[in-house]
Every structure is written in C-alpha cells, then in structure tokens.
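Here the chain labels run A, B, C, D, E, F, G and H in written order, and each chain numbers its own residues starting at 1.
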Amino acid sequence: ARTGDPEVVYGAGKTPEQVLTLLHDLHEAHPDRAVLATRLTPEAHDVIAAALPEATLDAVARTVTYGPLPEPHGTVAVIAAGTSDGPVAAEAAVTVRAFGARAERITDVGVAGIHRILEARPRFADADALIVIAGMEGALPSVVGGLVGIPLVAVPTSVGYGANFGGLSALLGMLNSCAPGVVVVNIDNGFGAGVHAARIARAVGAQAGR
Amino acid sequence: ARTGDPEVVYGAGKTPEQVLTLLHDLHEAHPDRAVLATRLTPEAHDVIAAALPEATLDAVARTVTYGPLPEPHGTVAVIAAGTSDGPVAAEAAVTVRAFGARAERITDVGVAGIHRILEARPRFADADALIVIAGMEGALPSVVGGLVGIPLVAVPTSVGYGANFGGLSALLGMLNSCAPGVVVVNIDNGFGAGVHAARIARAVGAQAGR
Amino acid sequence: ARTGDPEVVYGAGKTPEQVLTLLHDLHEAHPDRAVLATRLTPEAHDVIAAALPEATLDAVARTVTYGPLPEPHGTVAVIAAGTSDGPVAAEAAVTVRAFGARAERITDVGVAGIHRILEARPRFADADALIVIAGMEGALPSVVGGLVGIPLVAVPTSVGYGANFGGLSALLGMLNSCAPGVVVVNIDNGFGAGVHAARIARAVGAQAGR
Amino acid sequence: ARTGDPEVVYGAGKTPEQVLTLLHDLHEAHPDRAVLATRLTPEAHDVIAAALPEATLDAVARTVTYGPLPEPHGTVAVIAAGTSDGPVAAEAAVTVRAFGARAERITDVGVAGIHRILEARPRFADADALIVIAGMEGALPSVVGGLVGIPLVAVPTSVGYGANFGGLSALLGMLNSCAPGVVVVNIDNGFGAGVHAARIARAVGAQAGR
Amino acid sequence: ARTGDPEVVYGAGKTPEQVLTLLHDLHEAHPDRAVLATRLTPEAHDVIAAALPEATLDAVARTVTYGPLPEPHGTVAVIAAGTSDGPVAAEAAVTVRAFGARAERITDVGVAGIHRILEARPRFADADALIVIAGMEGALPSVVGGLVGIPLVAVPTSVGYGANFGGLSALLGMLNSCAPGVVVVNIDNGFGAGVHAARIARAVGAQAGR
Amino acid sequence: ARTGDPEVVYGAGKTPEQVLTLLHDLHEAHPDRAVLATRLTPEAHDVIAAALPEATLDAVARTVTYGPLPEPHGTVAVIAAGTSDGPVAAEAAVTVRAFGARAERITDVGVAGIHRILEARPRFADADALIVIAGMEGALPSVVGGLVGIPLVAVPTSVGYGANFGGLSALLGMLNSCAPGVVVVNIDNGFGAGVHAARIARAVGAQAGR
Amino acid sequence: ARTGDPEVVYGAGKTPEQVLTLLHDLHEAHPDRAVLATRLTPEAHDVIAAALPEATLDAVARTVTYGPLPEPHGTVAVIAAGTSDGPVAAEAAVTVRAFGARAERITDVGVAGIHRILEARPRFADADALIVIAGMEGALPSVVGGLVGIPLVAVPTSVGYGANFGGLSALLGMLNSCAPGVVVVNIDNGFGAGVHAARIARAVGAQAGR
Amino acid sequence: ARTGDPEVVYGAGKTPEQVLTLLHDLHEAHPDRAVLATRLTPEAHDVIAAALPEATLDAVARTVTYGPLPEPHGTVAVIAAGTSDGPVAAEAAVTVRAFGARAERITDVGVAGIHRILEARPRFADADALIVIAGMEGALPSVVGGLVGIPLVAVPTSVGYGANFGGLSALLGMLNSCAPGVVVVNIDNGFGAGVHAARIARAVGAQAGR
C-alpha cells in the first residue's frame, strides 16, 4: 500500500471466512497499519465480530476496520441527498477516515429543498474536499459545486426506479454537471470517492499542520 | 382544432413551398384563427416573409404565426438555464401565446447559481404554469419545483456533449426529478411544453377572469 | 408542504416502523392536513393498520392516507389501458385525491379496442386534467390526446416483456406522441402524475367554484 | 430468385454505374422477369433514366423497376401515418407490385385522428395483407390491428427527433403492440415489408383466382 | 374476436383464479369457439386441470385451450434452433392450432449445423407460412429464408447470456436479416408469431380447399 | 515491433504529411522491415504515391505498405459476406500479408445463400486461420464455424441501417455465435483480425515448413 | 465433432438428468473421445458424481469431463486478473485441455499492479496462445498484448457493479484494445476462449512435435 | 468567480463575436483576473487574435486566455495516451494554468507500452495531482493509478471507432477502474479535469509554499 493508505479487502463475492483470513493476514503483515474491508454481508460481520472483537464494524456502511487508524489530516465533508443514500455515505465516511482524513457527515439535503442546502453551506465551506452523494437525477453536486470552489467528488447512487436504470440517470447527470470541476465515481462507489477525497484532504491538511 | 387551439404546421422535413401552401390554406379555411408553423429553416422563413408579409416570424424560435392570435388568459413562466437553450425557450414562448396564454420569459438562471434562481422566484411564483428548460444534467426543474407548487413542465435540451448523448442525460434527470409533480416532454420539444402549459394557464386564467 | 399539498412519505426502502413513525410525526406536526404514504409493502400496511386504525389503506395502490383530506376542487380522469396497470392507476387516483382534486377512474380501454375508447369519451371529455396510463407500446395517450384538448399526463408502466425493457418502450412511445401537449412522468410513477394533474384540476376547479 | 420473386438490387453504397450494370445484366439473364432496384440516389436515377429509357423510376420511393412485372394476385393495403413516411410507403408499394401483388395506398391517417382511421377502414378491410407505417411512437399498427384480423406488417420509420433515437421509439412500440399478430421489420424497411406482404397476398389471391 | 380467431387470455400477472374465471366466462359466452390462455404458471395449470377437466393443458407451452378448436386450414411449419427454445416453439404451435391452422414442428436445427437444415428443407418447403425461432445470434431465419420464398416470421428468444442482453442480440439479428421478407415479433413471443402465421396459412389453405 | 510484425501507422486523424513522415521515418529506422499504414484518406494516398513511388497502395483497403514484406508462412482465408464489406476484407487481407502470412480472398458468400457457402468450403477448409466478415445480422461466422474446426476470427461491419445501429447488430450476433470458438474484433476492424489471424497462420505454417 | 474436438454438453437450462443422459449417450457413441459438460449446477455435479464415478468434476469451473482426454499439443496460458474471475478462468482451462492443448494458469495479476505482470511475463512468453480474463475495466489484455506478440483471446467477465452493466464495460474495453490483434469472446465465455486458443496451440504444437 | 478561479467562457455554440464581447466585458469587469475561453472555432480564434492582440491563443487546445494569469502553486501532471488525445490534453493543461497551478505534460505513453509508462513514472511521481487522458479502452488511469497514490482525474476521449460508441468504452472503463480513487469527468472534458486538479494542486502547493 502507498504511504498513508490502509490495506483494503473488497468483500463482494468473498465468503465470510475468506474475508476473515484476509483481515487477519494483512493485519499480521502490517500490524502498524489499518485494514479496511468493504461490501460485507451481515454474515461476514457476525463472523468477524466473533473472531476479531477489537475490529470496528459499521453495519450501515457494511465495513470493518481493523488495526490502528492513521492520524487524520484535513477534513472531507460527506453530503448526502437522502436517507436512502445512507449506506453509500457511510462507506465514503469510513473510507475517508481509514485513508487518513476526518469525515464530516451532512445529511438530508436535497436539490428540491434549496434553503436547507444554503443553511448547511457553512458546515462544508471550509472543508478540504467534498463528497456529494445523490440518486435519482443526481443534481446535488451541481448545486453544491455552484456554492463553493472546493474539490468535489460526486457519487451517483442506484436509488430510484424506472428510467433511473440502476443509477444511470444520476451518473449521466453528474458527468454533465454544469458546475465546473465536478468529478465522478462509479454508481454507489462510496469507497472510491473516499479514497480520492481523503488523499486530497490529508495532503492539504498535512501541509497546513492540521 | 380544439377550442382555443390554433392550427399547427410542423415544418421539419417540409419544403418552404409546402409550408407556405399549408399556412395559406389553413388561414383561408380558418381566417378567424391563428396558424402556427414550427421548426422552419431560414429558407422557409425567407419564402414566407416574401409571400405573407403580415405573418410574424421569430428567427430564434424558428416559428411563424399567421392570422389573429387568440385573446390570452393566464400566464406561463418560461424559465431557461442557459443561452444555448434559447431556441427551445423561444419555441415554447411562441407556442404558449399561440395557444392562448401569456408567456413570461426568465433567462440565464442555472442550478450552479442558486442565488439567481432565488432572486428570480418572485417573477414566477404567481404564474399559472411553468416551463423549465435545461440541457446537460437537466437539474433546474428539481430546484424550481422545490420552490413553488405550480404545475411544472420540464424540457430537456440536446445542449451538451459526450455523455450527454444528445439530451439523454437531461431527459433522464428530469424523469427522475425528486421534486414531486415534474412532468417531461421530448428533448428540445418547446412546442409540446407550450401546448400543455398554455392549456393549463388559459383554463385557470379564463375562470379567474384574467 | 405548499398550500393544498399534503405531507408525503415515500415508502420504498423504508422499514414499516420508519414509515409508521413518519406518518405519526407528520400528523402530529400538521394535524389539519393529510399525510400520504406510497409504495408500501404488505408488511407496512399491516403495521400501520394495527397502529393507526383511522388511517385509510389501499392495497392495490399500496398507499396510506392519514389525517383530514383537503376539500376537493376540479376533476382528474384516470384512464388505464389494462388491468395490469391497475396499481399505477390506483396510486395516481389516491394521490389526486390527497392533493385536493376528485379522481374519476376509467378502466379497461386500450388502443386495440378503439370503440371502447370512443364510448368512454363522454366520461373524460369534461375533466380538468387527464392521466393516461399504459404499458407495452404506450399508445393510449396519443389516441386520447387526439380526442380532447384537456391537459394530459401520460404514465408509462413496466407491464410487458422482452423488448419492453422494463417500460422503456412505453416511455419512448409517450415522449414521441404525435398528439400535441402530451407530457410524461417516470415509468410506473402514478404519484408524480397525480401531483401534477391535481394541481391543475384544483386550480381550475377552485376558480370555477366547483 | 424464387417463383414469383423479381431480381433485386440493393442500391445503398453502390455507384450509379454499378447499379446500372447490375440492372442490365440481371435483365439480360432473366428477360422474362422484373428487376427491382431500391435505395437509389438521384444520381443513380439520372444515369439509369438516360441508359434504360424503358425502366420505371419512382423518385419518392427511390426505386427502379425494369423488365416485365409479374401478373398481380391479391391486394396489399399500404397505410401510412404521415406525409414524412411517404418514401417508406412508396418503397413498400413498389416492392409489393414487383413481387406480384396489387398495392393500395392509404395515406394521412394517424393515431391522433381516430375518426379518419375509422373512415378509412372499408378501404383496407378486404385486403389480403396490410402494411402499416409510422414514425414517432409507432402506434398506428395497434389501432389498425384492433380493427381487422388481416395479416399485418408494421414498419417503424426514423421520422422524429430527440428520444425517437433514429426510429427506436417506433420500433419498440411496434414490437410491443397490444394488437395480436403484429409483425415488424427494420426501421424504414419498406422493401422487407413489401416482400412479406406480397408473398401473402399473391398466395391467397392466386388460390382465390383474383 | 374476429372470424376464425379464438378468445385469448394472457395469463402473465393474473392469479390462477382470475384465469379460471376468464376461461369459464369466455367459454359460457362463446360455447362454439375455443378459448386460449397463455403464459400460465404451474399453479394455474393445477387449478384449471382440477376445475375444467375437459380443457387441454400443455406444460411446455404453458397454455390451456378450452372449447372446440376451429377446423384447421393450411399448415405452419414451426422451426426451432435448440431445445431451450422449446417453450416458445410450443407456444407458437398451440397458438397456430387455436387460430385455425395446422402446426408442424421441426426441431433441433441450428445455423452451426447447415446439413441438418438442408435435410429438413423438404419438411417445410410446402408450408403456407414459417415460424423460425432462435436465441443467441438469431441467424436461423436468414438461412431458412434463403432456402424458400414462403412468408416467414422470426421469433427471437431470450436464450443466451452476457452480450445476449436478454434476447437483444437475436432481436437485432433478425431485424437486420439479409434474407428478404423476414418479419419479427417481440422476444419470446411465440403467441404473436402464431397468430400472424395462422392467419396467413388459414387464408391460403381455405382458398385452396385444404 | 515484435518478431515477424511490421511497423504500423494508424492513419485516422492524421494529416497526409504526418502519415508520410511516419512512413519515411519508420522505414529509415527499420529498412529491413515493412511499414503498414491503415485508414488512409484519398488525399493521404495521393501524397504518398507522389513522394514514395515504391510504396504499395490499396485504394479499397485504404492502406499503404512500404519496405520489404516478410516471407509468408501459412494461409488465412478472408471470407466476406457482401461487396459492401469489401473495404474491411481488403484491410484484413493486406494486414495478413504484412504480418507474414498468405491471404486468400473468398467473396460474395452470405448466409441467405447456403449453397454458395458449401461450394466455397474446399477453398477455406485447409486454411490455418479464417477471417469471416459480415454486416447486418453478422451470421456468416456461425455458418462457417459450423463447417470447419479452424481458428476463426469474426469481423462485424457497420454495413446496414436502422436497427443495425452502426454495426451493433452484427457485433452482438457474432459475440453470441452458437458455433464454438468464434472470436470477435471491433466493428470494421479488419486490421485487428488480420494481425490475430496472421500470427496463428505464420506460427503453424513456419512449423510446418510452408 | 471435428478432429481433435471433444463432444460438448452446454449445461445451462438442462436438468441434472438431461445432462447425465447426454454424457452417457455421447460417451457410448464415442468411447474413444472425451465429453465435456459446462455450466453445471451443484445438483448436476452431485447426480453425475453418483452415476459416473470415473467422470472428472471441477466445482469451480462448473464442468465435467468424461472419457479419455486427447493427447495434448502446445500450451495455452490462462491469465486472470482477480480471484473473482476464477470460475471463468477455470472453465477456460478445462476447455483448453479437453480440446487437446495444455493449460497453464497464471492468477492474480491485474493492471493496477504492473510489476506483478512484468514478473509473470516469462511464464507466458513462450505459450502458443494466451487467454486473458478480466472484469471491471477489462484492461489486462491491452497490457499483456503490449508485452508479447502471441495470439491473444480476451474474456470480459461480469465481475463488478454499477456502470459495469453486467460486463459491458470490460467487453467494450477489450473490443477497443489499443494492443493490436486482441480478439474477444462473449462475457464470461471461458469455454469459447478455450476452444479458440486450444485449436491454435494444438496446431502449432502438433507441427512442432510437442 | 471563486478565489483563485478565472472567469470562464464556454465557446461551443457561440459566435466569434459573442465570445469576443464576453472576453472583453469580463476583462473590463475583472482586470486583475484571467479570462479563459474554451472550445473555440478557428474563426473565433481569428476574430480574437485581430481584436485582442494581447490574448494568448492555443490552436490545439482551442482556447484563449486573456488578462493576468494567477501566480501558480503546486503541479499537475497531464498524461496522455496518444497523439490523437492531444487537444484534450492541451485543454486540460491550459485550464490548470488558468486556475492557478503548473501543468506538466507527459505524452505518448499508452497501456500497450508498459515500459514507457514505467520510464515516465519519475516525471509524475511528485506531482500534486494527475490528469490521465485516454481514448479507446481507457485503461491508462488504472495503470498509472497502480503506480502512485496521488489524486488522479481520468478523462475519457472520443478517440476510436465502432464499439467505442463516441467515447463510451473509455468512460465505462475509467468508471470501473480497479485502481482505487480514480475519478472521472465527461468524455473529452479536459476543462473539467483541469479545474478539479488545479484546485487540488494549488491548495497543497500554497500550503507548502511552492
């Protein structure tokens, strides 16, 4: 792993036992570093909780972190449009922390409620990087990106139905954002957004001595 | 045509002469009613201007209206995100007027500039119906629809490039709008939005005696 | 909520308990206003029926309304192509009523049976707005829109198979309708159509004193 | 070529000279049989008109027939939704005749004008096969197929814009027709529909001695 | 129903009881005519077998026919590429018979085994119409259509995986067939192909007195 | 370049002068080896013909080869469905030769003419590799692959219209071929098929001493 | 089957009993030749293990081979990007062996770990053909194809989520590979890649006497 | 404009005169700040060169910058796969500079030439942010992202043909990158990547005093 990055286990398509073994082995090999596992089933969570009581589980994020977390530098604001986007936001926040930055969650702001976004603005205006998560039309990054000039990663989610086509509407919306500098990750990929944003925040924060 | 509706000529794929003949014949048959022609080429405009000096041409909207316009009832606010959406907005406005309502144009408001939308709010808050036009991510209807409870028709435009896919991103965004009650027409279809909105506005306006 | 609109809970992806809490809390906060919950599972219905006996459940529409409904103004005709489109039609009708208009259901009319549509015409010719629902090729709005000049909202449904692609065929058909002024909502979105149509009908009806 | 079928030259992507040579050579080889060439450019038409004065050119259909046409049996009604579908209808009609059946053109009937379809019904109710052509939402075959039980071939056209996606909306609409027994050919493929329908009509007509 | 057509019940999305009631009621109303029900679940089959012992069930075709079948005229050859296409072929064959023609099944011929197709040729060369069914690349209709000039309906099936996209590859292949006159129905729509082909065969056969 | 491979210049998007310079420089650097340039415009051909008279131009293939061709080993049969596929077949054949194998062209065989394919079989039955090119439904590789067990590369072409979607129908057809072992390259990519097939043929041929 | 090819049973959509019967009958008919069955369920495996103890089962590949394997000639390197691609790689390897070549597995090399690919290079640099398997962005074939000039078959897998669209991203990536000569099979089609590669390797290997 | 950001004019769909007026007016309003215009036609370049001799034109990037550039902080490496991606890379580099960071161009590295990427590694290993541009399969970001842990923005380009679908293959490839933390912008959107990367680099660089 590169300086500041934890070891990572992608849990999808792995048995609980496989995940457990990977967590254990990576921790043995790198006892001074965190291991992050994502996309875990409840079954994997149960197996890990029993076998590794000192691991930290997040049921909503579907993650486990194990081993010492790095000292955090800088801050990432994680902004989510709706409660159904909660798991993606949680995965992003856990990843940000495991990759060495602080995560600040801002929830329940959506484009159809502009005033709540404006009210929340002070809470993200000083962050080093933003992660903005939305399903359906995926418009939230355009609105947030119009309010501040901070590096912003947009995460489309698969929340929706019909012509949402599994997150395609939000993905296309974000790729075509009229706010300059919006960058996008795969549908529901809170992890990828977290890695990118943490690397930004920890670089700025470390230089700034915070 | 139904009560209150003008005769309509769809100019795409017709020669200037075919359009001229249709305008002329429909006007002869219905001298008390307007004829509206849309999607006209500059060539068709030239031919019509020469042959029918009393017709009204709109070069941006690519339309002609001919014959007496109906007395207008009610108001439709036509809100456009960018100047590139101008032709679609103009087509919508001309159509609204020809179908018997007043059109109020509001331009240059976009989702990345929330404060301008909030400033413009009083100008559309009392309309009988709204037409909201946007290309790229097509997010403007969600923001406007979150501010007022007026019947709102969204028009996606083909403005954009790449993963815009000829207006698909705006179309999908609007179909998945998180603002309740947003309805959508075909890409670049200012005419269809104008017909729908004018029918609403003229019904309300006529009942209200305005 | 805006004047005339009820509070709304979108039930998809929420647990029965979450829906119940939202219904309860929104009712407490707005005792003079209706709360509408949509997309409810049978389990959510059971939990709500037990806890809120005065709530009104609709098993086909998958909805609950709770609290005093607004006095209705104007009428929306809800026209459905087939019995399989029943749930969407029911969702639309319940929404229309909760948003302050009367809903008139017209069922079992389809484009392959033109005479039944013509027979039904008197039943929708005086409505203030129309909701026309169809799956498969989604052609019914074109036929109905060719018979009357009333504001018409088309709802594509996911009924069909194969090259229906989950409602895409009906959606594209309706967006390309050759009847002027047809507007469209997301696949299976009876709620959105109901909001839009109710807002039209209640505005016209209120002005007309009916 | 099979019994009753003419020789055919597909003109797309061929030079005028290549088409001319093919027409000439096929006619030499089969002087008792027709040769049909389709998808011809105006340039090819000019070259052929000059070189083969006895050939029959159709500028709208973009076809040439050369050599003796077969005696026709049976009748195919070719029904077209709009004037923009004219070239496809003409290609279908020329093909029907070259493949040994009579073609009866019925034009300017569309789903948004049901009464004109009902008026036209007697003109197609006794045909041996129907070709129904439509762009945009492609709904005409469903309406016509609901009126008669005659074998019906639907031809989607690329007429339209935006979410029409080059004829995809009409194609999907026709494939999902709720009228039983509707079969479909490629977008703008008047030729293919003509071949299929002529084979039906000439088989029935020949047996019936007409 | 039109002359020669049975009554039809589309079983998808209906409960066994709803199908049973429809079968019963349609039979009461038209005791001299067949009723065909398609897309039945095993549960519907069980309920119908118990309640209507004189009905004819086909487990592979997933159909029931009830009441007197029409006297058949003409013959439809139903040609299927593989055993996995069996249910679609069976649905087509049952439909052909219920719509008044004879169905001749030819199975296990595929494009990768040209010699078996050539061997089978005499068995379909005299049919009045052909139904050719194939999944995957859907090439069989092109090969069969190159061998005979009989009206041919192609049925794409959803058999396959990956870039088959639920039958899209076969559907597009058939729509682009280089054999002239190939017409296509929806993916897996043996019923639609059966209706079209039976109408052809019974018309020719009745005129020919067979 | 790897042993046996020539230098390659991809001409698309390059000016004639850029191509000329690359041909010249690569030839200087590797005087003992061929340079192959593909996708050349007529203008590039003219410039190269004037400047490099010893270069070999192929107007149909849109290629130039310059410098000594490698001694060929093994044979690749290049089979094309129609004359419109000629440029792709020519590009494949020129590439095969430049990459060190012999190319044998077999033209004008298509799936709708099975007997011509069977007649051509002896001409490709002993090749070391096959390239099979087809547009429209792209079925030819399935038929050819059912006749011989030779490594076969399928090339979809963009020849067609409508639901051909620029070669997508042929591409999907070939990817879903029911003949085992068919592999596919990009639409119109005769070059890629030529490289792969030449590498097979020259390896086998070299070992076999032919 | 062609010289050197085994008999093959495609297990998808077949009952365990159908697969067993086919294995048994093909073995009886060709006792000197292998029979390969693919895409088997665990249930089919159990039935076959009980009934045909001498058959060879591979639980990961989901295959059975039965009867004498051909003597192998030449070598195919089967390179897989990740452990989740294991079943596809195993299917390819079993197929290679059953079609008469040796399979050499190279696992756990991915484009984000270039050094491991470079380390693995000697293990595939002398193979007669390569199979390169990858999901997600499907980039591994471009990297491997840039290192060696051996015939290379790319297999996209459906591993991934979101904008992976069931393997579409890897499929498109491989079809557009910038490494010349990369050929592609259907998503997850280890079998097809194995057939093609084995035919190459056994031809070269047999000529080379290894 | 936000602190550090220049004024921006998006030139697509604007006349040379409109662009010139915007450049002039924005410069008047903000004489201390740069104005950046992108997507300019050669005609617009000519008009601007004549009218604003002190403006800086970049013919490849299709940009103009006018007014004083900000003092740069930090460095962005702009890595491009091929020469055809040159205009996108140039647009990115000009944007980076105008948004206040240094741009370092690295060209002609592609995934099929791994050694050149490894050689180039020292040139980007110390950058504050990376922009990686590629068409076709879009794999370069995965390889680069596997070598360093720097924030990386991937730009898909529309370079390619056939199943490239106007840049879709590269876009999907990059969204599914197996290298963690890769973020993506719209097809050909060098501007958006430049904005995002410059904001990162200038924040880090400013804190670090470089």
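Simple rule for what comes next: a residue touches a chain if its C-beta (ideal position, glycine included) is under 8 Å from a C-beta of that chain, and two chains touch if they have at least 3 such contacts.
All values derive from a computational prediction rather than experimental measurement.
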| note | Of C-D and B-D, the pair joined by more C-beta contact pairs is C-D
| From the centre of subunit C, which chain's CA centre is farthest? | F
| query | Can you spot which of C-D, B-C or D-F is a repeat of the E-G interface, where more than half the contact pairs line up? | reply | D-F
| Any idea if subunit D and subunit F meet via the same residues, over half in common, or different ones? | different
| said: Based on mean C-alpha positions, I'd like to know which chain lies farthest from subunit G. | reply: B
| Can you give the whole-Å distance between the Cα centres of subunit B and subunit E? | 47
| CA centre of subunit A versus CA centre of subunit B: separation in Å? | 42
| request: Could you tell me the distance, in whole angstrom, between the mean C-alpha positions of subunit F and subunit G? | output: 26
| remark: Rounded to the nearest Å, the gap between Cα centres of subunit A and subunit C is 37
| task | Pull out every residue in subunit G that's touching 2 or more other chains. | result | 162-164, 168, 171, 175-176, 180, 186
| said: Let me make sure I understand the interfaces: which chain pairs count as touching? | reply: A-B, A-C, A-G, A-H, B-C, B-D, B-H, C-D, C-E, D-E, D-F, E-F, E-G, F-G, F-H, G-H
| query | In their shared complex, at which residues does subunit D touch subunit F? | reply | 12-13, 156, 158, 166-168, 171, 186-189
| request: Enumerate the contact residues on subunit A facing subunit C in the complex. | output: 84, 159, 161-164
| query | Which positions of subunit D touch subunit E when the two form their complex? | reply | 2-5, 8, 128, 148-153, 171, 175-176, 180-186, 191-193, 195-196, 199-200, 203-204, 207-208
| request: Give every residue of subunit G touching subunit H within the complex, in rising order. | output: 81-82, 110-114, 117-118, 136-139, 142-143, 145-147, 160, 162-165, 168-170, 172-180
